[in-house]
Structures are given as C-alpha cells and as structure tokens.
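Presented below are the structures under discussion, each in the form of structure tokens.
Okay, so subunit A shows up in both of these, paired with subunit B first and subunit C after.
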Partner chain A sequence: MSRQLTFNIFRFNPEDPNSEPHTDTFVLEETPSLTLFIALNKIREEQDPSLMFDFACRMAICGSCGMVVNGRPGLACKTLTTELPDEITLMPLPVFRLVGDLSVDTGTWFRQTNTKIESWIHDDQEFDPTAVEERMENDLANSIFELERCIECGCCVASCGTANMREDFVGAFALNRISRFIMDPRDKRKDPEYFEVVGTDQGIFGCMGLLACEDVCPRELPLQDQLGILRRKMAFVGLKNIFKPKEKGRQRRF
Partner chain B sequence: MSSSVDTAIFVKPPTMVSAYLDWLQMLTGAGLILFMWSHMVLVASVNLGANVMNTIAHFFEATYMAQVGGPIIAATMLVHFVLAARKIPYTSEAQGVIWRHARMLHHTDTWLWLIQALTAMVILIMGSVHIWTVLTNLPITAAKSAARVQGGFWGVFYLILLPMVELHVGIGFYRIAVKWGFIKRSGRKKFHRFENIWTGVFILIGLITIIRLWTLPI
Partner chain C sequence: MEHETFYTDLLCVGAGLAGERVAIAAAAAGFDAILLSLVPARRSHSCAAEGGMQAALGNCAMGEGDSPDVHFADTVKGSDWGCDQECARIFADTAPVAVREAAHWGMPWNRVVAGKAKYWKGGEEFEAEEKKDKHGLITARAFGGTAKWRTCYTADGTGHTLLYTLDNKVTELGVRVHDRVEAVRLIHDGENCIGCVARDLKTGKFRVYLAKATLIATGGYGRLYSETTNTVINEGGGHIIALDTGLVPFGNPEAVQFHPTGVVPTNILVTEGCRGDGGTLLDVDEKRFMDIYEPAKAELASRDVVSRWMMYHIAQGKGVPSPYGDHLWLDIRHLGAEHITTKLREVYDLCRHFLGVNPINQLIPVRPAQHYSMGGVRTNSDGAAYGLNGLFSCGESACWDMHGFNRLGGNSLAETIVAGRHVGMMVVEFLEGAQVTFNPQLADQGVELEAERVRRLVSRADGSENVFAIKDAMQLEMMEKVGIFRNGGDLQKAVDNLREIYARAKKIGLRSSGIGANPELALALKMPGMVRLAICVAYGALMRTESRGCHARDDYQARNDRDWLNRTLAYWRDLDADLPELKYEPSTKVTYLPPGDRGYGKTEIIPMDAPKED
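Up next is the complex of A and B:
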C-alpha cells in the first residue's frame, strides 16, 4: 500500500493585505518516483490552484525550486518523497525576499551580490572576435568547471547562520564564485583586488565555518574546501601587507 | 594643501583590518587551546600524587612563569573575547534569528556554534573569577586546591566550568581546522569523531581530578 503523505505548506501573500502567514495541510497519495516538484504540481492542480512556488527545468539545473524541506534547504525537483517521512513541511527559503508561499526572489539577491564581488572576468584587452580562443590546460579547465557548476539556487545562503543574521554577508555562493575567478588565468585581477571584494567581514572573514552551506548544496560543490583555501589566501594577503614597505600614493590604510 | 580632516570618514579606503583581526582571533584561540591542554596536564598531575602537583606548581612559581604567565593568559582571553564577540549577535532580533534558524535547520555544526557562543559567556565570567582566585592566592598547592574543592562551593563551580571549557575548546579546535582548511571535506567526519572523543577524554580526566581533590586528605 502506498503512503499517505501529509504536506504542511507555508502560505502567505505579501501583496494581499488580508493574507496572514500560516500553514495549510494537504494530503497526497505517494506514487512511484514522486518528487516534491511533482507533488506540488499535483496539489496545485487538484487541491489549491492559488499555491505559489517556482520551478523551470525540473532537473536541478535552473536553481529556481529551492525551498526549506523539513528544515533543510534543498531543491524540490531533486528531492524524492521516498527520502522523507510521512509528514513533510515546506517553507520558503529565508534571507531572500518572499514573493508568496514557497516562491522567493533569489534573482535580485544574486544580481546584487554578483555586482558587489565583481563577478566577471577582468581583462583590459580589446576583445578580438576573429582571434583563436586562448588555450587552457584541461585540468585547470576542469577545476574551474567544478566550481562553475553552481546553479545559484540560494540553498547555501538560506542555510547559513551568518547570512541569516547579517544581511550584508555575501555567502558561500559568492566566495566560491571568487575562487573560480582566482583560478582563471584570463582574469587579470591581482590578490589585493580580490582582497578588496572578499577580504572583509562581509566576505570570507565573516564566515564562521558553520558549514551548513557545504552540507546542503544540492550540487555538492566543494564549499568547505574552497572556503578554507580562500581564507588562507586572503589571510596571507593581509599578512604580506604588514611586511611590505608602504607605497607612495597608495590609499591603503594599515 | 593638506589639512587635518580625515577623508576616510567620507570615502572608505580599503583596509586589511579584517584579515589581521581574523588572524588574531584564530591565534588567540589556538594559544588558549594549547594553554588549556597544558593546564589539564598540570592539574591532573595531582592524580599521580600531591607531591607531583606541588613540585610542578613550585617550579612554575620559582621561575615566575605563573606570576607572569597568568596575567598574560588572562589578557589573551580578554583579547580573544573581544574579537570573537564580534560574531555573537548583539541585538535580540539577531539572537532570535540565529536561534530559530538553528532550530529549523537541525544541523550539528550550527548547534555547535551556538554552544560555543553560550559556553563562551560562562567561561568569560567563571574563568575570570577562577584566574583571580588562584593568582591572588599563590602559591598553588594540592592541599589548598583540595581545601577549596572540599568547601563545596568551588567543587560545584569547577564541575560547571570544566565541561564548559572543554566543549568550547573542543569545538574551537574543530572550527579552526575546518575554517582554515587544515581539514578537507574528505577528513571532516573522521576529525569530528576524533574531536568528540578527545573532548570526552578531557572531561573525564577533569572529573577524575576534581574527585581526587575532593577526596584528598588535607
């Protein structure tokens, strides 16, 4: 006999002045290979057409279906109900602006954060569209790609105690992203320039090493290792600066 | 023309202060860990006999290591506290956020951080009281320590302080290892288990030591 699943789902529509935050309960029979994404669609089709949630790719690529599943941020499309108990509680991701019910606006946050850390290749050379693309060692390309697999789902940010407490903390996502540019020889930024964007208490030195990001990332990015490498790297940039003779005209203090 | 107006009020120049403070936070933490381990060895020496402890204590006082080292440790603790306290949420709103967050996430490492922040407050007060009491009552002897513990008040005092310190030290040790990347993803589980056992063993040695002091004939 298949299980009866009970879904407790957070409901609130900030646009509607009469809406109060509460949870609604829906019961659904478990079917083979049921994911939360399919379950939510069923509930919306059969029980409550007003239920709000996001999805697009339904294959863990677009990063839009992040939500808190029984306390843990994860992707609805990647979560099979067989991994969960009979009672399933779904909440929207914290930190991000709530659109309604399970839908949050991760886009604005990621855009702002990407701007803050200057998340693009910095290169002052004129782009020549006819030139042959520069070559890169395969191993290096692979290790950059490993970090590039981030789908900006926001689970790491939502699970991070620091990000929850401090609005200006850039989160594991951004620190991983900077690591990716540090590896990339096409980015001409030097260590002090990277330091300027992440060598702060809003960046790597704000991270308290709670490692929730590492434990929830649905793409299993090596966040713990990257955060460690980045902390050491930035800490040594700071240390080197103490022993460097002061350059004239440089604005850096201390 | 140069003037004495501090332009940094209006345009924040890049600074490296965050990096220095993070180094200091880690190094004071690591220094205190090393001290606490040595401290445990010194105090637990009473289990080998009151004479052993007395001899060691005498050595540290005769060389003035206790008189100089004690205040240095206290100062290190103070610096460490000021640095680490930057991470503890100060407003009741943020405290509520991290509390609800930890309850929602049921994630061990997040709870461990909360334990670290809470034990820190207890250590700040009880640790200071303990340092003051010991350093203003030199020399350290097994008989005096035993008398204190047997008085009851200090016995209970140490029974509380011991697990607080060991938890804070154990978690801090683990945290430094993962934050600074000494322990990689592949080694995290194993290191965590090692750290739990290590903390357990220290609490056990501490308990045995307190019992020994409680039963030491004076």
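Up next is the complex of A and C:
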C-alpha cells in the first residue's frame, strides 16, 4: 500500500493585494522514487497551477531549490519522500526576500555579497594569449575545487543564527569562498586585504560557531574547518594590526 | 502601458557561459552590458556540464602529438560533415587560448602529475608515463570520437567551476545582471534589432531593454522532449523570439543529440567522462557489447553512434527489464573507490542520492536521453544572426555551426567560451561602428501586444485549454516520433499531430489569476512558441530524406552527400501559419576536409558525385 502524503505549504503572493500569508494543504499518493521535485510539479500541474517554487537542474548542482523541509533547510530536488514522514511541511528559506510561496530571491543576495567580498582573482597582470599556462600542483587544484563546489543554494545562510539576526552578515558561503581565494596563488591579495573584507563582525567574527551551516550543507563542504582556519588567520592579522606602529594621519579604532 | 526602460550597449539574453563570455568581452572594451537570465546566472544550465572541454593542449601522455588540426578533423568527422568548416577551424584554433584564459581567471583545471600513471580503457588497465616537463600543466581525459585525450577538466564539475569563474569576472567588471527576467519579444524594424520586451518573473511586470547589439545565448531546446537531461529552463525561449521575427531562420532544427548515459528513470546525466576514464556498457547478461558493434572505438565512438547501438541492442532483447522500461548498465566499478570519489565525484554523489546506487560496487542503470541541440539561431562565423542587423547568437542556442549533425562530448562547454571569445570580439567591432536610433514607439507597441496576450490568457478570451496538458502532449509526440530512430510515417504523423496541438496552444486559458510570479502564465506565454519550434524539428526531420549524424532515418539509411550536404533553414514568416518555410544552404563554404568515412558507425554513403537517380 502506498502512503498518502499530506503537504502543508506556505502560501503568499506579495504582488496580489488580496493575498495573506497562510498554509495550504495538498494530498498526494506516494509513488516509487518520489522526490520533492516531482511531487511539487505534480501538485502544480494537477491541483494548483499558481504554486510558486524554484527548480532548474533537478540534480543538486544548480542550487535553485533550497527550502525548509520539516524545519530543516535542504535541496528539494534531492529529497526523497521516503526519507520523510506522512506529513510534510514546506516553507521558503528565511533571510532571503520572498518572491512568492516557496520561491525566494537568492540571486540578488548572492550577487551583492559576492561583490562585497570581491569574489574574484585579484591580479594586475594581463592575460597573454601566446603564453603557456602557469603551472600548478594537481593536489592544489583539487583542494581549490573542494571549496569551489559550493553551489550558493543558501541553505547555510538560512540556517545561520547570525544571518537570521543581522542582515549584513556574509554567511558561511562567503567565508568559504574567501578561503578558496586565500588558497589560490593566482589571487595576489595579501592577508590584510582579506582582513579588510572579512575581518569584521559582518564577516568571520560575526560567526557564533553554531555550525548549522555544515550540518545542512547539501554539498557536504568542510565549513567547520574552513571557518576555524579563517578565524585563526584573521585574528592573527588583527593582532598584528594592533601592534603595528601607527601610520601617520591614520586613526585606528579598537 | 507603463513600463521601465533600460538602455545599454550590449544586451545578452541568457547568462550562462556563452552570454557571460560575450558580456565580458564588451565590458572589457569599455562598453556597457546587461545580462538577462531566467534564473540567477550561476544556476544556468552551463553549471550542469560535468566532464570537461576539449582543447588541443597535448600536455598529458595520451594527448601527445595533439594539435588544433587533429581537433578540427575530429570535430568535422563528429559532425558527419554537417558543420561549417570555417567555424570548426576558428574553434579548434582558439580553444587552447580560451582554456588558458580561464586558468588565468582562476579556473582550477586538473594538472599533469609527472611519473607512471594507471589508466583504464574498455575495462583494461594500462600504464602511461606522464612527462616531467609537462608536470603542473593542464591535463586532459578521453572523450568519445577523439583521436587524442583532449578534454580538460576539473573533476566532473567542470561546467560549474567554469561558470563560477566567469561569473566572478562579470562581477569584477560590474556588468549588470538582471536575473529572473525573461525576454518575450525582440524589438526590431524589419532591418535592425534594438533590444527586447521582457517580463520580470518576480513581479510579472513588463520591461523594455533598448540596446545597440542584442545577443541570444539561451541554451538549447531540450524541453521539447519528455526525456531529456536538460534543465527545466531549456525551453527554447531565445529560439522562439528569434523565429517569431519571421526574418531570422532556425538552422538545422532536426539536429538533436541523444546522450548514451541518461540515468533511468530520472534522465539525469552521468558524464561521458565515465566511459572516457574506462567505464563500460553492459547488457542484461552483464556483458560488453560496444566492442562487438564498434571494434575500433567501442564505448568511445561518437554519441549518436553509441546511442543507436544501445537502442538496437535493447531491441535485440538484451536490455535489462525495469518498471521504467528496458535499460542497460554503465559499469565504473573497476575504476576503484579513489578514482570515483575524486575524478567522478558528482557521479558518485548523484548515483547515491537519486538512485540509491553506490557506483563503487554497483551498476548504474542508463538509457539514451535527449541531451543537446545542435540546431539553433543561424548566424555567420562572426555570430551575427541571419536576417537582422545588431542581433547575435552564441553557444548552444546558436547554429554557428561547428557541430553539424552531431556534437562531440567536451565540445559544447568549449564552444561557450571559445565562440564566446570570438563572437565577443566581433560584437565589440560592431559596437565600435554602431549608429543606432532607438524608436520608443516600437518598444511601446511590443509591450502592448504582449500585455494584450496576458489579458486574453487571464480572461480565457480564446479558450480554456490547459497549458500543462499541451506541454505533455507535445513532449510525448517528440519523444515517440522524432527521437533516435526516425521514419517518414511517424514523422508525418508527428507533424500532423503537432499542428493540431498548435491549434490548441492558441486557445490556452489560465486556471489561476496570473498575478505576480505566476508559473502558469509564464508557461502559457511561451507554449505556442514551443510548439512552433517542435513543428520545425519534426518537419525538418521529415523533409531530410537521408541519415546523417544524430538524424537516423530507417527509410533512408545512407548519408546522402549528393543531395543533403546542406543545412536546413526554417523560417516562420506568419504566426497564423502552422508550418515553417524550409530553405537550404550548403553545409560549408570552405572545405578543408572533404566528406569521407568517420571511422566509426556503419553508414552507407552516397558520394557527392554519384549519378542522380531518376
């Protein structure tokens, strides 16, 4: 006998003056290998064509479908209903601006944050199309890739105590990204420059160490390690700043 | 009707790799650029490319002696001589530069490790010596249809890392990215394209973008099919707005690639890198079969050939029965845990999460699924679209046309940034000389026409057809009758049925309010256009009475170079019509490599100089 699944889904359309935030309930029969991707599309096509949610790749590589599933942020496309009880409650990710129902605006948030942390290789040297590439150890390439695997789904941000309390916190994703650049010799930034970007309460020192980010990361990124390494590194740079002789005409705050 | 208007030099419709690469070229030259995207740019379908991109660097042991000439020849053979050889040439020559440029921007390509290395080919292990003087340079893996190991990669997350690398560059250059915005109509006066009418998918409001140059880089049209590896946004949006001008042709719509290893039942892709790294295909008896059908290339023949043999083998009763239909097995167990959890890490993850299969000790169920659109907005070698000044196209959405009737694995990711680099330079040249007058009246008219469509859909003025039912009917028709093996009878039926579906698509009425980010309205606005594209594919396939690359006709099994060494150009001049007008042009103006045998895939060839039959 297949299960009857009950979906309690958050509903609100900010563009519709008659819409109030509420919960709608949908019932669906469970079929083999049912994922939330298939289930939500079924509900949209068969029961309510106005239901808003986001998917793109449906294979856990694009990061579109982050939502709160029975209280826990995760990717809907790789969530099998067999892992869930008969009653499934779906909410949009917090922190991000709501587009409608389960759909949130992650694009604007991540672009702003990536701009803020200057998420790019800083190198004044122009590319020379006639030159052979600079050499790199394969192990280093693999280590960079390990951190570059982040898909900016927003689950770490949505689960973060600090991000939920202060809107200017850059989140684990950004700190992981900075670690990736610190590791990369092609980025010519020095420690004090990274400190400028993440050596603040909006950055690494805003992290309270609750580490829900690592628990919910669908890519299983080693966020705990990266946050620890970055915190030590930035604290060291901060200390050095304190003991550095004062520059003329520049006031430092403590 | 009130709307916001944005002005820019270059408007890129689509913010995947191709769109971003062209925008980078324009921004680097000092021009203003705006990228439109259905989803946040980093969620574009480019991110799903796994295995890598081809470029003849010749750094790894098995790539020794490689050169752009060899890459060019592989590409032309892969295309079954359907490609434009000038573009294939530009492509093969530029690919190494584009790979190195990406490295300069931060792409973590995997590197050569000097010393003895163990590799697999067709289930057999062998050893090769990686040279000391190449240590640390960009390495490569094997892909199908190539003479050398040429596919540069970052594990099996190449598209993802490349997209992030380019989007970082876009961020650095301050290019504006407007995500969740959909272009719904090109603005033109019959000669010049000056931008587009777009819909803000967050609010449902219309906007106008006026631009000196407009680029279509919206990816493929895989979602015309029910079983596709493509992301849900690959609905051919860019093709629809180009075709709807009545001036810009859809090149080779019938050239649709099926990838051998879509996972059953979800059609998620597992990379060709699995076979490139030594994985094998097995049947119900857990025996290999590709080595019997293709003694030379075996599992690493081109995709069209492997897909056909797989379906043939299943038809011989050698498939593995399952509730989702018969399938075959992909076996990578012998590659070992270390290889699978590093170089094929995405495959390892997706098999476990979506199938409950651990590929280290279990077989992966696979079957061919729609994968790539070789056809697209026809352009010249500069990327300039036929029919309208100021309109360009690049990447999978374009029929540039380096792939002809079959694309090699590793050549699509490559095309995005290689053609993107080249077309970007051409767009900059165009912008430098551009004198454009923006006629705001044209824009207002365009907005009014689209707003009227919305009103009619919401009020059900034309009928109450269900948009989802129409989509299902179209996708099934395409899958069943315009798939891997084609024949005149089925194709005719498909065309007839699609014409009926098109009539229904004009009578769609919404069941919901259509207010705000409403998904039903977004699909309803696109649906008639999608059916037009489907008709172009089916009709182009019906009229092409030969077999070439991915286009395999049971009733015309020979590749006919005498009559069909050409490219289909489909025009839709009148939206009231329900068939396109088909024209043809020679496949290539310059011929560096005359038509011949591909070296894999058994095909009879009717040569160019064969006498005409009565």
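Here is the rule we use: the second predicted complex is superposed on the first by the 244 of 254 C-alpha atoms of A that agree within 3 Å, B and C clash if a C-alpha of one lies under 4 Å from a C-alpha of the other, contacts with A are read in each partner's own complex, and residues count from 1 in each chain.
Throughout what follows, contacts are C-beta pairs under 8 Å (C-beta built on N, C-alpha and C of every residue); 3 or more make two chains touch, one makes a residue touch a chain.
As the structure is a computational prediction, the values presented were derived from the model and not from experiment.
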Fit or clash between subunit C and subunit B when superposed on subunit A: fit
First (subunit B), second (subunit C), both or neither touched by A:N8: neither
First (subunit B), second (subunit C), both or neither touched by A:A212: first
Of subunit B and subunit C, the chain that contacts the larger number of subunit A residues: C
First, second, both or neither for A:I61, with subunit B first and subunit C second: second
Contacts of A:L51 with subunit B and subunit C, given as first, second, both or neither: second
Where the C-alpha centre of subunit A sits as vertex, the angle toward subunit B and subunit C in the overlay (nearest 10 degrees): 170
Subunit B versus subunit C - smallest C-alpha distance in the overlay, whole Å: 18
Touching both subunit B and subunit C, residues of subunit A: none
For the subunit B and subunit A complex, residues of the former touching the latter: 8, 13-23, 86-87, 89, 94, 97-98, 101-102, 104-107, 109-110, 113, 175, 178-182, 184-185, 188
Subunit A to subunit B touching residues, read off their complex: 68, 71-72, 91, 94, 159, 161, 164-166, 192, 195-196, 199-201, 203, 205, 207-212, 214-215, 222, 224-225, 227-229, 231-232, 234-235, 237-239, 241-242, 251-254
Touching residues (chain side subunit C, partner subunit A) in the complex: 37, 39-45, 47-48, 97, 99-101, 103-106, 108-113, 135-139, 154-155, 157, 160-161, 164, 168-169, 171-172, 177, 179-180, 202-204, 231-233, 265-266, 268-269, 323, 342, 346, 349-350, 353-354, 467-468, 510-513, 515-520
For the subunit A and subunit C complex, residues of the former touching the latter: 13-16, 32-33, 35, 44-45, 48-52, 54-64, 78, 99-100, 103, 105-108, 110-111, 114-115, 118-121, 123, 127, 129, 131-138, 141-142, 144-145, 148-149, 151-152, 184, 186-187
